[in-house]
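The chains carry the letters A, B, C and D, assigned in the order they are written, with residues numbered from 1 in each.
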Amino acid sequence: MTDALPKWADILLIPLINLILALVVSGLVVALIGKDPFEALSILVTGAVGSAYGWGYTLFYATNFIFTGLGVAVAFHARLFNIGGEGQAALGGLGCALVLLYLPLPHWSLAIIAASLGAALFGAAWAAIPAYLQAKRGSHIVITTIMFNFIASALMVYLLSRVLIVPGAGGSPETARFVESVHLPNAYDVLPWMGFSRSTPLNVSFLLAIAACVFVWVLIWRTRLGYEIRAFGQSEPAALYGGISSVRIIMIAMLISGALIGLMAINSVMGEAERLVIDPVQGAGFVGIAVALMGRSHPVGVFLAALLFGALYQGGGELTFEMNGMTREIILVIQALVILFTGALDNMVRAPVERAFLSARKRPRAPLPTNPVEPGGHSDEKKVEP
Amino acid sequence: MDYAGLIQILDSALRLSTPLLFACLAGLFSERAGVFDIGLEGKILASAFLSAAMAAYTGNVWLGMFAGILASLMLATIHGMASITFRGNQLISGVAINFLASGLTVVIGEAWFGLGGRTPQLEGAARFGELTLPFADAIRGIPFIGPIYADLLSGHSILVYVALLCVPLTWWILSRTRFGLRLRAVGENPAAVDTAGVSVVGLRFAAVMICGLLCGLAGAYLATALSAGFVKEMSAGRGFIALAALIFAKWRPWHALGATFLFGLLEALGNRFQSLELLGITIPTQFMQALPYILTVVILAGFVGRAIPPRAGGEPYVKER
Amino acid sequence: MTQRPSQGEAPLAIELRGISKAFGPVQANKDISIQVKRGTIHGIIGENGAGKSTLMSILYGFYKADAGEIYIGGRPTPIPDSQAAIDAGIGMVFQHFKLVQPFTVLENVILGAEDGKLLKPSLAKARKLLTDLAREYELDVDPDAVVEDLNVGLQQRVEILKALYREADILILDEPTGVLTPAEADHLFRILKGLRDQGKTIILITHKLREIMEITDTVSVMRRGEMTATVKTAETSPEQLAELMVGRKVLLRVDKTPAQPKETVLEVRGLRVIDDQGVERLRGIDLDIRAGEVLGIAGVSGNGQSELLEVLGGYRKAEGTIRMNGQEIALTGSASDARMRRMQGIAHVPEDRQREGLIMEFRAWENVGFGYHREERFGSGLFMDNTALRTDCEGKMARFDVRPPDPNLAAKSFSGGNQQKIVLAREIERDPDLLLIGQPTRGVDIGAIEFIHKQVVALRDKGKAILLVSVELDEIMALSDRIAVMFDGRIMGERLPSETDANELGLLMAGMTGKPVAAE
Amino acid sequence: QDANPGLIIDLGGKFDKSFNESAFNGAQRWAEENGADYAETELANEAQREQTMRRMAERGANPVVVLGFANASTLDVVAPDYPDTTFAIIDMVVDQPNVKSIVFSEHEGSYLVGMMAAMASETGTVSFVGGMDVPLISKFACGYAQGAKAVNPDINVIVNMTGTTPSAWNDPVKGAELTRSQISQGSDVVFAAAGGTGIGVLQAAADEDILSIGVDSNQNYLHPGEVLTSMVKRVDNAVYDTFTQAMNGELETGISVMSLANDGVGFALDENNADLVSAEMQAAVEEAKAKIIAGEIQVHDYLSDNSCPAF
């Protein structure tokens, strides 16, 4: 309902109330296991955003989630549920690592381009088979992408313990470290005066992530292809009538989705680990689903949701570090509650707030416009057009 | 491979498919009623934890099982509140429930037992034992039939038989009872149910609760029958596989039995034939371990057509906006 | 079933007092009061979005009123949900049927009204009752047929049977004839009269004044959420009703000069379509359409008209040949075909505007480029020019009188008539050589019908070819220069409107040939 | 006396009944014996490795002990930044001046329990359940197979791995199924090196009345009388020693090998398995142990060339 809420309430007030509710319930859980929730909250917040150090990690994690979130979002626009982020990101890591290990790249600027191509290509390739099967055979993409996650993990273990492993280096299933010349400048290299430490994992791929947000925005809302993707996602029969090929859209949307998810490797593999390990994704593929859903598949929403999750990751890490006896799984609980309240229980808060706004404005309101056309429920669109 | 080996593989497949079957039927109830549930995994995990915890605490596996079901029902209630009462996004709610279960089981487990989220090892009456079917030993000697009865069918936990019974029961409920008719209708067109004077919310909640109950059984089976205690993340993706099986089964009970048994069988085969030599080349273990998943994709692409979910699935029922 | 013979001075069956209902900021019903006597047929008319469906949905307990009271049979009867309405003897056939598509007729009928927990006895009992009802009211449907396989006319019967099975005394029908053929509509009216004569009360919502005049005893007019008048049908005229509804004089006839057909634009030969289930939907169609004429295709829906439009629109595979302006066009049914058609000068207003013609979630300005979004005028290279689209949309909205003229509204937020105008504007202003137009006025109020008909005639007068598919015989008769009748995938015959009448066309539509023309 | 040691528990978690738990126990023992305190934290994910190592060092923890091979290349980068801090890494060699690398000769310990398995087996088939098919786990499997074959050259050794996802280390259900599958193929002694999955292996073995062999910590107590022995890997000692040496100011960097010779690895013998290990078996194993220490028996290390002569 467009008119029920002013824009600021819709995009700020409601999420804020939701977030507070999530934190209150998290606090109860913390109290229940005998810890001080206020101390926990303060560690969580200062740990995440209270220092350059915290920001370095928060934004680093957020970068991963932006990529996976954007990828899931693009697929969502074509009404495709891509659960395969874990696998696609792992393969992206493989593509990235192969480029960096086997191509002689003299400088990081060249390397990031080459590695991005490799990561995107491999990520897209891993999405291509489920996409093809969905488009041509109608095989449900949710199953095939889940299966491809498992297949990817097997492939990674095989390659890293049998093929790409460095012989005689102690048997750790990982590739060699990438050469120094492809080291990505991190926040310390670029912005040393802001107090980042040398080890901060935040690196230039954060900028790549922002560029990816812009790219997705342009793609979805400014290109003919994006228009077709959205049209297809909204109505398949209409797409048919409009001369939009379902096979083409499914393939392209999934390829873009896989490529974006694969690009996560630039941050985690090239930027941070600087080598390929067995599980370079660490659940970011799944977090990407939550991020895309919470961000309503809009790049700005994805960016903000990724930031929130990045902060929770980092703040949660500090929490287990600083608070004795705090299990690291508490982060999962807080995340879950944030997803639940901001994502799924949104209407619990929205409905009463809307009623409050409506009754507050009811009196001065003019009678209906002449033609009884109703500006009925397009609350979703308002995020569509910034 | 000899006959005994075959029986063993089928036997293993039966055990491995049981939690999948419970979860698949759970998802079936929920999704046939129009509520998508990717939170099966979380409910299984929560139930596995609480059933093991309670069984360890009381030494009684039945109490454990009920506690497990209770845990699963609590998460189901959250899912119902989010997706039915407050008409939230069902996928988001499911994702949240998975995270919640992963986190809470360890946080609470650590607070209670201090074993890093593990529960104490279960023994004796705190665990489901194996049920020997009547005359199993007498019949074992009969060729062919004997081993099927005595080794394959007999000697499982009671929950295996419960799961198998749930299949005809589910079929019967859905196709032969008033409740089933309404439940199927609400997944296809909730407005039809509403205008027929039946509560959409009530029906969907009932379905979500049945889903919780069955997930509870799946979790209890994992922790107190197949294993002897809870280990964190022990559901190990089975909720997702069950979801795949559900789509595979096109949301039908007997098909669900087939699909979950197929998944169980593929896993059992993968366990059995991990190192295979073909034409002098050793197939890498990892390939054999991925084989069940590869085969699933192949079967799906080759033999199972388009799966059409219940029409109102995934959408909250909104009359007024 | 209770049967009360109507008495001399009929008591009130329904009385609504001061009903108000708002959907968020939209006031759908404002302080509405209405009285309906037992044993009568009461019509309700009003423009799209006037609030008719809302009012009836409140009576049926589907929506809850914000204020007001409901009296049934003189007693105050709160109706918080549909169960209460059913208990009060109310049945409703919604504009969009509330049927469970994959269920059988029998299952749909008993849903919610089963006796006991097990289905078997309920089904057996219902089967018997259904046979009785069918006999009594001429409502034959195969109880074991699956609803999605039934045509809309039969689906509507199922809805009526549902209500009767629940022993409804009061039957509400929301735009029941919008999807029916004249024969089916006549049949329905016979049934309704039969029901009335048995003492049942019927409320009928419709956009067709002819129907109001033909069948109702009293009629209420709604405008912008308010009840503006209730009159005895015998004491009013269609013109008066139209004016009450729209607030101005409405032309109820189509004014047009004789056609001046020129060269042949479209030539169809031996067109065959076999669908996914292997059923032959078109069995050899031959057609010619010339510039400057309207060829009307009459027929009961489901006889191949939709398939014909889809083939011509380029999104269904077919065999045979089609020449457009002398050039053969592809019949593969792939997406490129549909795009090519537009380039070849074929525009298409599809039968189902909400499913195909519009993307309901898209804004109006996004919809005005749909199908043509790859053309130069809407962008360059990879990009779309949203400003061009918006400007284009504003122009179209002004020229086609789309209300409200707000390009930023989502398509779903416009009333049906205005949705149709958006599609029409998009297709007509493309300046096509051939316009395919399916069910142009389905569910559209008379004000909008008048406008749409004018546009079609204007396009013809510009020398364009038009293929009109409609189940409304009135519309076909009024607009067409030639009429072809389709039955079971064949053209049963071609007639000139001046030389035929509804009776003859009705026979052809039922498959009874006069003289076969096109089919082999 | 100004030692303030730090321990970073790896991803498996503090109570994995195995590797991490063993390290934690060593640290606890040191703390109790010395009435001292130490800093400890658990990794929550891969990206935190470097973060946590640096945090520990910056907090002033010294030495900082990290567990597991996955830390090696990170430590290789972090260590030079903190020249005043001594790091210790377990299971991996990191060539930095301020790093002590502690590696275990798991193949030797596995060899011994392999011998015991072969001697206890009546069917001529023994088996192994690993977590993931990675080189370190193959090192266990290879030593085990060599030991078994040394006793009985015709013995059949079934080697199975649990999976390829992280849940491979936490899937007791699958561990149990693998064990049952191995039993059906004739195995009557099973050795588990699979983290949490191993719990299921030992359980299934006990349920099916065959013998099992635990790993890392002494797991004999889990099913008294049914666990043949445990291949103990004294990570606890390694941590304890490191802490103690640091406290006494005698911590040396470089490579330290924990082998049979210094009781870094071995097999567990206690009241829980006393009845299972015959005097004859014990004697044979002790003899082999002596020979390995003396270099008379060479146990092949899988990691040396990523291959195994025994399978």
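By definition in this document, a residue touches a chain if its C-beta (ideal position, glycine included) is under 8 Å from a C-beta of that chain, and two chains touch if they have at least 3 such contacts.
From a predicted model like this one, the values you see are computed outputs, not experimental measurements.
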Chain pair, B-D or A-C, that carries the greater number of C-beta contacts: A-C
For subunit B paired with subunit D, centre-to-centre distance based on mean C-alpha positions, whole Å: 34
Subunit A and subunit C, separation of their C-alpha mean positions in angstrom: 45
Intercentroid distance (Cα basis), subunit D paired with subunit C, Å: 75
Between subunit A and subunit B, centroid-to-centroid distance (C-alpha), Å: 29
Multi-chain contact sites of subunit D, meaning residues that touch two or more partners: 133, 164-166
Junction residues of subunit A - those touching two or more other chains: 1, 150, 154, 157-158, 162, 327, 331, 376-377
For subunit C, residues contacting two or more additional chains: 23-24
Chain-to-chain touches, reported pairwise for every pair that qualifies: A-B, A-C, A-D, B-C, B-D
Residue numbers on subunit A that touch subunit D, as the complex places them: 57, 60-61, 150, 153-154, 156-158, 160-162, 165, 167-168, 170-174, 177, 197-199, 201, 268, 272-275, 277-280, 282-283, 313, 316-317, 320-321, 327-328, 331
Subunit B partner contacts - residues on subunit C that touch it in the complex: 23-24, 60, 62-63, 81-87, 92, 94, 98-103, 107-108, 110-114, 116-120, 122, 162
Contact footprint of subunit B on subunit A as seen in their complex: 1, 29, 32-34, 81, 83, 129-130, 133, 137-140, 142-144, 146-148, 150-151, 154-155, 157-158, 162, 286, 289-290, 293-294, 327, 329-337, 339-340, 343-348, 351, 376-377
Sites on subunit D touched by subunit A in the complex: 41-48, 50-52, 54-55, 69-70, 72-74, 76-78, 81, 91-93, 103, 132-136, 139, 164-166, 302-306
Touch list for subunit D against partner subunit B, complex: 13-17, 21, 133, 159-161, 163-167, 170-174, 176-178, 180-181, 184-185, 196, 199-200, 203, 222
